[in-house]
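A, B and C label the chains in the order they appear, each numbered from 1.
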Amino acid sequence: MELAGLFFYLITFLTMAGIYAVLCLALNMQWGFGGLFNAGIAGFYAIGAYAAAIVTSAGSKSHVGGFDLPIIVGLVVAGIIAGLVGWAVARLCVRLKSDYLAIATIGIAEIIRLFIVNEEWLTNGSLGISHIPRPMEDWFVGKPAEIAFALFVWSLVLLTWFVAHRLYISPWGRVLRAIRDNEEAAESIGKDVQSFRTQTFVIGAIFMAVAGALSAHYFKYFSPDATEPILVTFLVWVMLIAGGSGNNKGAILGALVVWGIWSMTEILTSMLPDGMTTRSSYIRMLLIGLFLQFVLQRYRSGLLPERAPKLRI
Amino acid sequence: MTNPILQVAALTAGYGTSSIIHDIDLVVEEKGIVVIVGPNGAGKSTLLKSIFGLTSYFSGDITYENSSLLGISTSSLVPMGISAVPQNNNVFPSLTVAENLDVGTYASAPKNYDQTLSLVLELFPDLKDKLSQPAGELSGGQRQMVAIGRALMSDPRLLLLDEPTAGLSPAYLEKIFDLILQIRDSGISILLVEQNAKQALRIADMGYVLVNGKNGFTDTGTNLLNNDEVRRAFLGGGAPK
Amino acid sequence: MMDFINYYFIPGLTLGSIYALGAVGISMIFGILRFAHFAHGDLMTVGAYAALTAVWTLGIPALAAIPIGIVFTCAVALFTDRFFYKPLRDLPTIYTVIASFGVALILRSLIQLVWGTESQVYETGFQKPIILFDVLRIATRHIQIIAATFVIAILLHLFLTYTRTGKSMRAVADDPALASIAGLDPEKIVRWTWIIGASLAAIAGIFVGLDTDVHTNLGWNMLLPMFAAALLGGIGRPLGAIAGGLIIGMAEEICTFPVFGEELISPSYKSAVAFVMMVGLLLFRPQGLFKGRVL
């Protein structure tokens, strides 16, 4: 019994870590390959979650939706919408210096959040969308369904990794890294810097939306609270830096390790005296904030550093 | 060898982990003008930057007034009596000319502020009616004067100049070399890196020709100008007129 | 017309003043330390809560608690710089940006731990507005905020133009490498940048509490319009940032003014105004309205 409990805890852990691994790989494409600072991960994640929720859930009186379409359609729609938004953002912002891009993407995420909270006809506002289906629900119930979903998530992690890896080793990826390391040099050999950057931003945005869709299916309920920038954007950044930006395996490892640490802080804070438990989530935030500082100062290149020679960021 | 103010001994330095200059020796005598010339990429600017603590050192030493400069931070050199004028971006563009000169005194106040200021304005009379204009609006030659002026405001004993005539019209060129002589006559030792090798060597007490990051030829300015090999290889077509 | 002034213009000017005070620090830090300081909003929150404690424990009014808020916020800013930003100083600045993101989180979670998440007010009770010429209604707190910002802007201008430290700061903002060569001690300038930035952030945070209430997201929510203000004014141009803050604040309020019975923009999308202005500016005039640096 003990062992079974531990096993299902591990399944839950792997499911969440898998969703974060997709986000982390997506950020690695944008930041690790392209040097594009996206501080609005939560926005693309939310787009994906809501798109999937609206497309795949059964009817509801309170908002548009109830298309009841297959999960795969939801994933595709989520990717398309996020890709289009990402394209618009990228067209406007990729030529900006990284600090400016960070500010601009925070702004985009904020506008997406405002849209979700305010446009109740579409998103049901702050109440959120419920009864979101999970894949393979008809075939498995109870514990096996958890395992099936975890496998589904990790098959998408593998798919994302495969795409990221192919991109990294392709000539396209080489140009991208050349741009990241020395923009002027890349431009001088006739590479269209802006269009390479736009492409990587869009691909990253699509996979962020896929991760959002996965978490909507996993929780079966999604509200604006779940797109809190700290949890999504910040954790993903910590994961990528700790894992090793530029390295796809590092991104996955970072997601696992940091999600592990994050889960451990939950266990730690649950051992606090009663009066403190209400504040435990703030202690966890504090710890992860300090963890990031530690990583930045001591292990900047991450657990699995990028192997290709790095000239300059 | 009478009274060296600055001595570079067997210096190897560069950027990051790669060295650009190798085993460089150089001496600046008190109240002397030393000129460093050489083709592009010979390491002239790197040598100057090394003295100013902006490179990584691998071996050798730099001594100023008998104490080593290695490991001394850039910003603490002005109080020691060393001023430098970089080649580009050598004025604070949004500050007025007066403010640019004023900033020169913050790290090391001159003994008599007003006297130093009027001395500087005597050297550069063109600046007098531009004092309240932002330095960014001045012409290249005027900026060069503001930059040298700023460096002089701290009453330095050693002045480092990195190609002060680069990009200037021939009229200004003469003016700058003339000014350098005047500055030296006021008792300041000068280390000058120059592209316009012929004119520069004419005012030099000692000249150093750097070749591929190493000491090539070292002699008095006049001897270098008369050295056939130097003339053929480094002063030939390269220098104007 | 009077409705416009009473309910849109004056509140816009008030909000703009708050943005302005926050944006000065952002602009100076961007100009001198060369990075986008994402924890600046949370420094405001720190100031607001430090003053709240002073109001509670000493029983003084919020305005009298400003010095306490300033001292505490400066201490926090200098501490974070020493332990979180300084170790990264020689690296590409983007690492410091990421670190400041983390500092924002650290500060906010500490505030939540110490003070809890409930919204608080400095003083309860309704403030009667001052009525001028029978038609102009201004709340006392609005007058205080606007007047204080005006005075601070003048003091800041005098400081930057006439003091040695002020001129050194402008020099470093212009060209840090040249400033080092000219013998200016960069760490001293950095210290002053934090002291001024944090002081004004604390004042801005206390003003937010005075105008509405004190809550843990107070500063973070204002980060975007403050960045927009700093960019509008031109990076490294503190006075430009003040102008930028006023413009953004007014734009946000005035955009919700009903013209022909129809609001220009739904008030719920107010915070998008700053963003749109910022992106437009970055694309078409990256040096800002007042010719700052382009980093």
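One rule holds for everything that comes next: a contact is a pair of C-beta atoms (placed from the backbone, for glycine too) under 8 Å apart; a residue touches a chain by one contact, two chains touch by 3 or more.
Remember, predicted model here, so these are calculated numbers, not experimental data.
Chain centres here are C-alpha means, and the one lying farthest from chain A is B.
Distances from each chain's CA mean to the overall CA mean are smallest for chain C. Averaging Cα coordinates per chain places chain A and chain C 31 Å apart.
Distance from the chain A centre to the chain B centre is 54 Å, each centre being the mean of its Cα atoms. Per-chain CA centroids place chain B at a distance of 43 Å from chain C. Note for the complex: chain A touches chain C at residues 37, 39, 92-93, 96-100, 102-104, 106-108, 110-111, 114, 117-118, 230, 234, 237-238, 241, 279, 282-283, 285-286, 288-290, 292-293, 296-297, 300, 312-313. By the touch criterion stated above, chain B contacts chain C in their complex at residues 52, 73-79, 84, 86, 89-95, 99, 102-104, 106-108, 150-151, 154. Across the complex, chain B is touched by residues 164, 167-168, 170-171, 173-175, 177-186 of chain C. Taken in their complex, chain C has these residues touching chain A: 30, 35-36, 38, 83-84, 87-88, 91-95, 97-99, 101-103, 105-106, 108-110, 112-113, 116, 223-224, 227, 231, 266, 268-269, 271-272, 274-275, 278-279, 282-283, 286, 295.
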